[in-house]
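Take a look at the structures below.
Two complexes come next, and they have one chain in common, chain A, joined by chain B in the first and chain C in the second.
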Partner chain A sequence: MVDLAAAGSAVALLAGSLDAWLWVVPGLLIGLVFGAMPGISVSMAMALVLPATLYMEFLPAIIFLTSVYTGAGFGGSVPAVLMNIPGTSSAVATTFDGYPMARAGKHNEALGLALVSSCLGVLGSYIVLFFLVQPIAELVLRIGPFEMAAIAIWGMVLLGSLGGKSLSRGLFAAGIGVLLGTVGMNTAGYLRGTANIPELLDGIPTIPAMVGLLAASQLFGLVNTHFLVEAEEDRQISLSRIVAGGMMTFKHPRTLVRGSMIGALVGAAPGVGSSISNLLSYAEARRASKDRDSFGKGNPEGVIASESANSSSEGGSMATMLALGIPGGGATAILLAAFAMHNVVGGPRFMDQNRDIVYAIILSNFAQAVLLLFVGTAFVYCASSIVRLPLRFLIPCVLVMATMGSFAMEGSIAGPMTLFVFSVLGWLMSSAGYPVAAVVVGLLLGRLIETELLRAWQLAGGDIGEVLNHPWALVIIALMVLSLGFSMWQDSRRRRVEDITAG
Partner chain B sequence: MTVRCTSISRRSVIAAAAGTALAAPLPLRAATYPERPLTILVPFATGGYNDRYARAIAPFVQKHFGQPVVVQNRPGGGTMLGNMFYLQQPDDGYMVMVHSAGPFIPLSVLTRNAQYKVEDFWMINLPSRDATLVACATSKPFTSIGDVITQLKRDPRSVSVGIQPASADLVNLALLMQGHGIDRSRMRVVTYDGGGPARTATMGGHVDIGLVGGEGFLPVKDRIRPLLVFSNEKNEDFPEAPLSTDHAKASGFAPEYVDGSQRGFVVSRRFRDRAPDRYQIMFQAIERATKDPECVAALKAQQLATTWYGAEASNEAYLRSASLMEKYVDLLKQA
Partner chain C sequence: MRGAAWRVAWGQLALVTALAAFALAYLVDARTVSLSVNNLLLLQPTAILVLFLWGVIAIGCVSRAPAGEASPAPADWRATLRVVGMVAAFGFFILSLERVGYDIAMVLFVSAALWIGGERRPLVLVLFSLIFTAAAIFGFRALVPYPFPTTLI
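Let's look at the complex of A and B:
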């Protein structure tokens, strides 16, 4: 499966090109900084540096762009942990446990965890890519509407009761999210709930809505607090604690591997991959854990699950881009545009004829994952100094940043307006005891489920029996039922044991 | 926000409808024009054909225009947000669009209740024409369009079709089915919001056949089988694909079709009418840039179109396809 001759010449290609290395660290740094700014997505960061690559050779240009990709992929988790702002939709699940950890004074550990899981996720996914680029691409291509709908339903079922003490409130919040997610034109071309506002044609702008729900609503709740971390002795920025946090990752190898697998496979699905893979991985980690109640309150496993999945999505989407020429998302679309700028057409023929270049890109990403560990450590060390900033300065700064970011994201006032509306909604809901995270999950997954189910229905021509022709969808649903049943059985047994010991 | 938007665009619509009669003489003299940078507005996200075309030709437009040229993306609402934004700009000749004018402008008017008219836009040159391609994955049993039609005639439910709703492709599908007397409402039509997803579904075999712009299939040419191209001239990318006009004549129905995409430089008709001097300067800069041998070589290398059709032919093509879409508007609405 590995073309050794091509791999050899890839090594030679990399070793002989100083240019190819020169751009890795600047690329990572640019990615980290832009990725950490709320409102600048991975693809925007890449689009910003795209013009510069026109003047580079092909290989250095692509390596530079993938460095930005890798850096920005992790950069998004820094504000997720420190400020509860998911920089991108792929860092949503990181906020669930990362932010509670930061509030409890474990910001060093949380960032260390996120960094190491991200590096391992990137590394893992590219190792898989190195050996299996073609099979992965083929597998992803097979994920049709039935299979995708099954995966999304799995995520929705697992996350339905997210973070809620009361199931009914969780379901209500998720329902609101699903309803809001249906605004706009659906995949069959029907307009719904746009109230004649042209900005809503493509649906509610997701990222400003998410930032509003998760971050801004949180910040209002912090008004009477002086610092993000209450206890003064916890407010330190410590390299050793970042490293210790990083080491903690290795205590949960199963979560890490599971997250990376989900990321590489689901994350590779064109269009929606990385924003669902982190949620799914988080939900699975929560389901598999013995200590389910601690999720959402600062369980390190939650951070590992989310970060390993969102970073391994990079390798997955690179597989479909390299082997099939399909851009799975904004980032790979920009990579393909960079290919085109250098007069290279991505796709199967490029793969066949330039195996050495493909391997060089993959090998360089191994190096990027390792370098990210160091550049990232320095970066989070600096970034975590915001815990020392009094909240009376921090909150306005974050709000201004979020507003500017949402403007940049949408390119119009529609972004800040969405942010404002959803901040108020988020604040009202959280002060009434509804889990806002469930609204976000509904918003993200609801639209996906609807789109895929609609296509499945169209494909079946209204015949429910058609699902029998899609065994993999059935396998996914069966796995879901089995794993849920198993957890419930385990729960009831544990409760019985507890009852006996207590009694 | 909304109120402001609609009122302005409505005003601009009225102004445009009233034509030059209403337009007071503007202080727009060509003597000093151009004295500021020119913005190319692309109503799509980065990375697509229009974006690539705009960025590739920008340096040459700059050379002939004599001022810096910047590219700005304003995606959303099936180009409606970009179109509205463009019509709200002053007619000072410092902004031009690079657009898939056909089919996106007529489609936004016909299916999204856009507050402007097809005639509000004026084509400078539409070099890129992308035809709808009927294709199937190589794993599918069809070897010709005849196979597909035979099976559809036997049972319209037996073939699933991947397509974008409210698209030129859908009009072409409707024309083809109408010609063969196949009941489209009984067919299994699967809708995708974008050419990319529709192509992936075709290639991955999620649907039996797909109708989508052919150009995007180029990188994955080996994985699909082109069955029919909606055009009256041989497609350079898929020379082996039979033409819809030949197919229609052979099957005995009218050889009508709409162009999948007509892309290139677009301004507002209002700008052309109100500031003819400036329009001439801009027009000439774009014409010279398009014909510049250096530009032709650079664009060819990136697989971008370089033909100069000029305003007359481009507007004619644009309006022809718009009126065809209007004629089949009912087909567009029942996706």
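Let's look at the complex of A and C:
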């Protein structure tokens, strides 16, 4: 599985190239800063630094870009924890428990948790990649519409669980989200729900809608509050508490390993990897927990689950990119562009002929994960000072930044308009006690589920029995049913024990 | 239950009904486009589920309260007014971006939002909004590849 000779050459290659190391810390810092800015995505941060790599050697250029990728991957979690703004769709689940922790004065611990989970997630996924780069790539080729539909349905099951105590409101919000996610032209060419607005042809802009629903709506609710953290003694920025938060990660090794595995495997699926993996990991962590009700109210496990999965998606998407030459998303597409700028063509042939370079990229990512721990700690220490800023200053600044970020995403006024419409919708729904997160998840998964179901339906020629010819899809559905059944059994057992204790 | 009175959560009922109306309108629009399975595979069952849940939630918005039980205390109207003011200011800001330019819209919104948030020092209102706007405009101009209209900067 591991080509030892190539791995040895990779170590020699890295040891002999000072340039490759010089760019790691600047890359991480650039990634962290850009990733933490609402509206600047990982791929945008990488695109901005791409021209700078033109005059570098191939290996330092790729290492620099992967450093930006790693840094930005975690950077997006900082506003998710501190301001409920998921910079990218892969940080959505981080807001569920990270933000409640921050509001409760545990911002230091939440950021420490997120950082260590991210570093371990990156490290874990690259370790998996180091040993299994080829099998993972082969597995990706087997993921067809049936398997993707099964994964998406697994995500759908999560929607109900976001409803908290009121299942009907959770499902209602999720249904509205799924409907909103299908607005526009579907893959079969049918145009629905656009109200003759040309900007909606490709669907509702997801990132501005998501930021509006989760962040802007929350900010409106904070207008009568003075600080993000109300108690003055909780507003401290403490390195020891950040470190203590990071250490808490090790108390939940199962959540961490499960999140990393989900991230590495689902992250390898082109297109949707990281945006769905953090949600699946969160749902699984909640399902497996004995204290399910505390999820969404500041449970550290929620942060670990989300962060370990979204960061390990990087390794998964790199597997697809390196072994198959298929960019799973914007970030890996930019890496492929950097390959092209250096007259290198990614894909199976590159993998076969330059295995030492592939291993060098993977090994340098081990180092990046370790360095991120130190650079990231310094970064979150500075970033967490935001809790000391009075909200009367913070609210307009964040709303303006979110508006400009939405403009940057869409390149037109459609972004800010979407942001506004969805911030009002989010504010109204959260005031009425609806789980806004369910709308966000529905919005993210709606288009994906429709696309994959449609492909599966067309391939099967309308015959539902065709699913029996896709064992992987059946395995995914069986696992989902088993895990749901197990959690229901655990629930009923716990209730019985509670009844006996109370009686 | 004698002497019990019906109590309706009108705000909740209005919101859930408006959202269900959107689902219904969307379903009607999609069915007008085509009745093909390729068009309605996910959309129709989801819309029907939403409409069914509307019924469940709407019934929950109506409850019986024993006679003499006090109605829930109304929220502090000043606090509500501040929130509504912020939402309105943000709406005006978005609508004015292309009309008066991003720079002027930003200065006006930031100072209005500061005022709504309780800031009353004129110097802070003016200086903070000007400095923040300049930083945001120059920063995003360097980062964002698309041009955005400004009037002064």
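One rule holds for everything that comes next: the second predicted complex is superposed on the first by the 501 of 503 C-alpha atoms of A that agree within 3 Å, B and C clash if a C-alpha of one lies under 4 Å from a C-alpha of the other, contacts with A are read in each partner's own complex, and residues count from 1 in each chain.
In this section, a residue touches a chain if its C-beta (ideal position, glycine included) is under 8 Å from a C-beta of that chain, and two chains touch if they have at least 3 such contacts.
Source: prediction; values computed, not measured.
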Exercise for the section: Go through the superposed model and pick first if A:Pro416 touches only chain B, second if only chain C, both, or neither. Expected result: second
Exercise for the section: Go through the superposed model and pick first if A:Gln458 touches only chain B, second if only chain C, both, or neither. Expected result: both
Exercise for the section: Kindly classify A:Met101 by the partners it touches after superposition: chain B alone (first), chain C alone (second), both, or neither? Expected result: neither
Exercise for the section: Could you look at A:Asn343 and tell me whether it touches chain B, chain C, both or neither (first, second, both, neither)? Expected result: first
Practice task
Examine A:Ile62 and indicate which partner it touches, taking first as chain B and second as chain C; both and neither are also allowed.
Solution key: neither
Exercise for the section: Have a look at where A:Ala188 lands relative to chain B and chain C in the superposition and call it first, second, both or neither. Expected result: both
Exercise for the section: Quick one: classify A:Gly221 as touching chain B (first), chain C (second), both or neither. Expected result: second
Practice task
Could you tell me if A:Cys397 is touching chain B, chain C, both of them or neither one (first, second, both, neither)?
Solution key: second
Practice task
State whether A:Phe172 touches chain B only (first), chain C only (second), both chains, or neither.
Solution key: second
Fill in the blank from the handout: Shared chain A footprint, chain B vs chain C, residue numbers 188, 190-191, 411-413, 417, 454, 458
Problem - chain B to chain A touching residues, read off their complex - result: 1-2, 5-6, 45-48, 51-52, 55-56, 73-74, 76-78, 80-81, 84, 111-113, 157, 160, 165-166, 188-193, 196-197, 199-201, 203-204, 206-207, 218-223, 301-303, 335
Problem - chain A residues touching chain B - in the complex, by the definition given at the top - result: 43, 47, 50-51, 141-145, 185, 187-191, 195-199, 201-202, 270-271, 324-327, 330, 333-334, 336-337, 340-341, 343, 345-350, 411-414, 417, 451, 454-455, 458-461
Exercise for the section: Show which residues of chain A lie in contact with chain C when the two form their complex. Expected result: 40, 44, 48, 168-169, 171-172, 175-176, 178-179, 182-183, 186, 188, 190-193, 216, 220-221, 223-224, 390-393, 395-397, 399-401, 403-404, 407-408, 411-413, 416-417, 419-420, 423-424, 427-429, 432-433, 446, 449-450, 453-454, 457-458, 462
Exercise for the section: Please give the residue numbers of chain C that touch chain A in the complex, ascending. Expected result: 11-12, 15-16, 19, 22-23, 26, 29-30, 33-34, 36-39, 41-43, 46-47, 49-50, 53-54, 56-57, 60, 79, 82-83, 85-87, 90-91, 93-94, 97-98, 102, 106, 109-110, 113-114, 116-119, 128, 132, 136, 140, 143-146, 148
